[in-house]
Amino acid sequence: MLTALLVMASIAVVLGALLGFASIKFKVEGDPLVDQIDAILPQTQCGQCGFPGCRPYATAIAGGEAEINQCPPGGEEGIRKLADLLGREFKPLSEEHGVEKPKSVAIIDEQTCIGCTLCIQACPVDAIVGAAKQMHTIVAADCTGCELCLAPCPVDCISMQPIAETVDTWKWRYPVIEIKAAA
Amino acid sequence: MDTQAYREIAWNGIWKQNCGIVQILGLCPILAISTNIVNAVSLGLATILVMAMANLVIAALRNFIPYEIRIPVFILIIAALVTVVDLAFNAYLHELYLVLGIFIPLIVTNCIVLARVEAFAAKNEPGGSTVDGIAMGIGLTLVLAVLGAMREVVGSGTLLSGIDMLIPGAQPIVLFGADYPGFLIAILPPGAFIALGCLIAGRNWIEARKQARARANPPAPSAPADAPAEPA
Amino acid sequence: MNNSPFVRKAASVQSVMLQVLLALLPGIAAYVWFFGPGILVQLALASAAALAGEAAMLAIRGKPKALFLTDLSAIVTAWLIALSFPPIVPWWLTVTGTLLAVVVIKQLYGGLGQNPFNPAMGAFCLMIVAYPALMSQWPAAGQLDFATQLQLIFGGVREVDAITGATPLDALRTALRSAASPDSELHGLRAAQLMDGPAFGWLGGKGGEWVALGYLVGGLWLIQRRIITWHIPVAFCGALFASALVLWGLRPEGFASPLFHLASGGAMLGAFFILTDPVSGATTARGKLLFAAGAGVLTWVIRSFGAYPDGVAFATLLMNILVPLIDMKTQAPVFGHKKD
Amino acid sequence: MLRKLFKFHGGVKPQTNKAPSTTAPIAPVPLPDRLVIPLHQAVGGHPRPLVQPGDRVLKGQRIGGADGSLSSAVHASTSGIVRDVAPALMPHTSGLTTLSVIIEPDGEDRWAELDKLNYRSTPPDELRDFLRDAGVVGLGGAVFPSYAKLKPGKEGHLKTLVINGAECEPFITCDDLLMRERAGDMLKGIVAMRHMLHAEEVLIGIEDNKPEAIAAVQAAIAASGEAGIEAVAIPTRYPAGGAKQLIRVLTGIEVPHGRRSTDFGVQCFNVGTAYSIFEALELGRPLVSRIVTVAGNVAQPRNYEVLIGTPMDHLVRLAGPRADTDRYIMGGPMMGVRMPAFDVPVVKATNCVLVGSPALFPPPPPEMPCIRCGECAKACPADLAPFEMYWFSRSKNFGKAQEYHLFDCIECGCCSFVCPSHIPLVDYFRFSKSEIWAREREKDAADTARDRFEFKNLRQEREKQEKAEKLAAKAAATREKVAAGDAATPAAAGAGAAPAKPSGDDAKRALIEAAMEKARQQKAQAAPKNTEVAAPEIQAEIAAIDARRESAAKATEATPPAPGA
Amino acid sequence: MSEPTALGLSARTGGVMVAFTIVFTALMAFTYGATKDQIDASAAEEKMKLISEVLPPASYDNLLLDDYAALGPTRELGLDNGGRVYRARQAGQPAALILETTAPDGYSGRIDLIVAVRADGSVSGVRAVTQRETPGLGDYIDPKKDKDKKAPWITQFTGLEAARLPQCKVKKDGGDIAYHTGATISARAVTNAVARAARYAADNQNRLFAAPSGSTL
């Protein structure tokens, strides 16, 4: 009886000490999860999720402070990827954060623009060029379609235009050949 | 904790996070012991007992357990409780003990016990933890019971055979008469997998239908009471 | 409107399946000749059950019935079931087995092309585990007339112990066990001597060897028609032969000869018709060799040491599980990426 | 003289249907009313237009200039007037438009002044620029600018120059007829290419179902007296005319996906390309026409010498299309592209206009599930496992599809051709490829956006810091000044320090001001925001009104417009 | 709480671990002590129940479980690691021997049996203790698995007289014992083991009864 107790106790001492030691020695720093989440997010930096940019949202998801369904530009596919990555259940896009829209770019109506630079400050990716009292223009290739420039414009000269399909962006559709029940 | 929270925990354990057919934990005893209802339910009851006690004890002691050694301590506590139950079965329900055999000690390694302790009891107060342990145990027992019933009925055409081990003098129910040839595979291990697969499919089907119906007529937006800390 | 290519070869699933059915005919003819026309009743039963099960499942799953019922894949499954079950199992056993194959093993996994397991062999395994006694009773060649067979198939009470025996495979294994035991009168006899009984022919079971020859002929025709390739039959037979040869060579009194293994049980049916099922089998050339060789070795192991008499069905299912892995690991190098 | 030939894996033997269109010689085509010449006809950058509506152009005049490192010029195919430079429907399944020059012929078909060139005495770079400006591209169907391929590899010379006269697609005979009728000129083009590439040997691969062409080419070689050029008959099997397959058959070399064949000492050109190089170098004529087979559902299948930009229906009318014609296919039945309309123009890539009808090319039978029979893998000339790629493409598991070498697929159509389940395998692969490309574009865009966002944050942080430093410095300086000035001239100090006087007080005022400004802005924003509920037309109207007001009262302060309603 | 050092934390976790170990080991020890007698009694009862199936309790009057002789490896009984022989006595006179025996040649491996042989050489009864024969095929040697509940196959050995022992073979081998088609091997293995055990009991009866209780032969 006593032997058993002694054996158990000594195992306990060794094990306990070892684990305590290991927990300090092998501490893991950093959080690669945030990077993985950030890679899934569309990087529009639109803030519709309620966070100031994609990375802060990724950090919030990793920390369990945000749901995975708050990113309208990422759409349903983005939510599915996040759900897969995190092993969470898929949820439809939360309506309070917006709806999925076709990819667009902002266009400045150059007749109306007064050159106030407010949109330049709002643009998260520096895709608007121009200077005070000068007409602004948007670098379409860099525009993420975040719509953040729409609200600050005092003369509402910015509009969103869906990206048109070209031969280079045209996609073959998923082949669907109807099998008729009568066939 | 209020009643609503307890109800949430219970529902979680019995249906939403059912360890048998949702988390698919503890397969070894589920598959091995569910050859008939009596064996299945007996092991289920033993597991409920262990889970309730383990959750209670660990929730009560959770503030004294350093984070670094929590797993060995949990295992130690669970092992001790299982040993107690094992010895008790051996002493007072010996015949059943012979049938359940190795599976009572194996409760120690049943992932569901450690999973609940780690995921719930270590973070919640004893009352809720006990309810969680019991609910999870009931969830497991229900799966075991249904599985046992399916396999027993299909495999040998009886129900509650071996009930006399629990209640002396009780008689099993013979469903299809003595001439029933028996679908032997149901009682053998492959049958356990097939039956469990059917159960999982059945639950998924119910859930899918529920979701489809919810999508068809969305409920008025109301903030549902958040379940207590539930790991993903 | 469709895109290129705008022309197509005249090939269809239906014609593939039809040729498989035709290739089974020589074996069936030998079967009828030696064991009586009872097998035809079983073939009809299985076919009817398969079509009924398929139709019901297609209706439930909302799939086009006419298209899938005429692809003949259910009939192929039905025939393989009837040919691998003992010819005198009761009708309900054939029907249950076929329904399990078509409904559970094929349709529940998604129907044609989706089943990871060979439906016929899946049904065989389920049935032999569920009804081992019924599935182990084989009449010897010419033993039963058609009336008795019909009575056994459709009749109620079966006094089968008196009139049937085990398969030649099982009989020889039993005899070899006895021969190995010092208590037995058969002690010390070799396989060739043990095969002196009325159940045995010159290679395998009496009659059974001719049926196997029929399957071989049909299978060779399938290879010639390019429906199947040589890889699977050759690898399976080779592996079965080789593994049997080793222990037979060492202890001929304890193990059956390689030729006996090839000529008995489901070996030929498996080699040409079951393992070659493209849906559940390996598809790459090297994968086919590996898959079939594995099945061959497993067949011999199960036959020699397992709890059930024949091993083809279990070996097939076990190798079916490995198919995705085998296929993944045996991808042929693609154009330009070969290492010379 | 028998050459050791190699085999490529797979392939199929569809009915060739070549005989009817080879009975008559190549015929000219009368000038159409209108030529539509797309500016982007070759792989690479979009050429920029060099003409404007109303311009008069001569045949062979450049109308599109090569743009970027890989691009090829475009020329007027006949003399006439430029009617328009506008997007027009292009010969592509998508039915999209592309910037095109629309020319109304004047009927004179007058050549512009042509420069010839002695290739033997011209430096290689100049020669390549000349060919680029002559618009010479691969006429086998890939339309890759030829000048970019006419560079010897790193070693400075090439082992084998392969000339592709295999023409494996059913129905198409344009190369066959070219070789029969113009073998001598074509050979001159080949000799020029050999010169540019410093090729040791030239192998002209021709499928053995074209004995006349083989004989003609052999005769031309004999006549030219060139050594080291050989016309090789290769077994007829589709797709023997695929560049990689032909190289494999003739040399045994397999050029992997994503590698240049010059790295392996081989380069491959189409016979049509060779002929147009001859025309460009020896006659100075840029690529303005090509030989096109018209076949299929027509009364007299035949080959025509067609001006680039000729509408296809104009061309097909000559061959007598049958009444049940329902589509044109550009190319052959295996890899051809269904045209979105009948009047799309013939372009440099058009080797054949295949006229289709439901009877000739019936719609495929219903698609059955894949039974993994492996027929497609047996037929695949790229040694792929199409059924696996199909499985993953169908479930949109693109990563896995790529693992099975999706991008090695040459879309030859052999797998779809043999599939007993009638699965449109190639369609799935096209779908997957374009999805993967789209995703890569998206990912690149996201990465750029991330970088730019991070940079902006960094910049803002830096600016804030600099501002704070500046402020602090300024404050310190003022304080010093105040401290110093207190004794001397309090009045001056008061004036000077007013904006940044006691820091607490000042900051507070700035805050208040900022808040007020913000409120003003918000108010300003709120007003137009009301209009968001209005219909887009009304919004546009308001915008227009605003614009007018804006321009009218430029000098005056822009006041927020009153709510529209 | 400040950042602990590795050694400090080790000491603390080690200490806590020991405390938990001592408390819960004590709990187990206590339960063990409390249930030990009951468990022993249950185990003995279990054994007696099995024995009573092969030998009626009325045919002896000694404390059977205490009156045994241990056997070393015994080839005749198929015991590779030894076993026990219980000796039933009526009024001090030999009544029966209960032998643990093993049939090594079952279809799926060894079959452990207990065989009761009366002093007159007849077989009183046989039971399979552990077996792994093919379910539904060869497992009828265990009466619990035998479909024929009224006359299980193994009861053919009950009361088998000494004179009939030479015929203790399956019918296929020319004996009296019936078997099921397709599953000869299991039946033959058990039958042969019973015959061997009976022969061994007859040959060694005196020696077995004479050995002191608890001794090893």
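Annotations
When the chains are written out, they are named A, B, C, D and E in that same order, and each has its own residue count from 1.
Basically, a residue touches a chain if its C-beta (ideal position, glycine included) is under 8 Å from a C-beta of that chain, and two chains touch if they have at least 3 such contacts.
The model shown is predicted, which means the values in this text are computed figures rather than measured ones.
With every chain reduced to the mean of its CA atoms, the largest distance from chain A is reached by E. Ranked by number of C-beta pairs in contact, the top chain pair is C-D. If you average the CA atoms of chain A and of chain D, the two centres end up 32 Å from each other. With each centre defined as the average position of its C-alpha atoms, the distance from chain A to chain E rounds to 68 Å. Centre-to-centre separation between chain A and chain C, using Cα means, comes to 55 Å.
Of all residues in chain A, those that touch two or more other chains are 12, 15-16, 19-20, 23, 177, 179-180, 183.
Contacts with at least two other chains are made by residues 9, 12-13, 16-17, 20-21, 25, 135-136 of chain E. Across the assembly, chain D contributes 364, 366, 424, 427, 430 as residues in contact with two or more other chains. Those residues of chain C that touch chain E in the shared complex are 129-133, 136-137, 160-161, 164-166, 170, 174, 177-178, 181, 183-185, 307-309.
Residues of chain C touching chain D in their complex: 1-9, 11-13, 15-16, 64, 67-68, 71, 73, 110-114, 278-279, 281, 283-284, 327, 331-338.
Looking at the complex, you find that chain D touches chain A at residues 40, 90, 92, 94, 96, 98, 364, 366-367, 424, 427-428, 430-431, 433-435, 438, 441-442, 445-450, 452-453, 455-457, 521, 524-525, 528, 531, 543, 546-547, 550-551, 558, 560. Residues 4-7, 9-18, 20-22, 25-26, 29 of chain E touch chain A in their complex.
Chain A contributes residues 12, 15-16, 19-20, 22-23, 86-88 to its touches with chain B in the complex.
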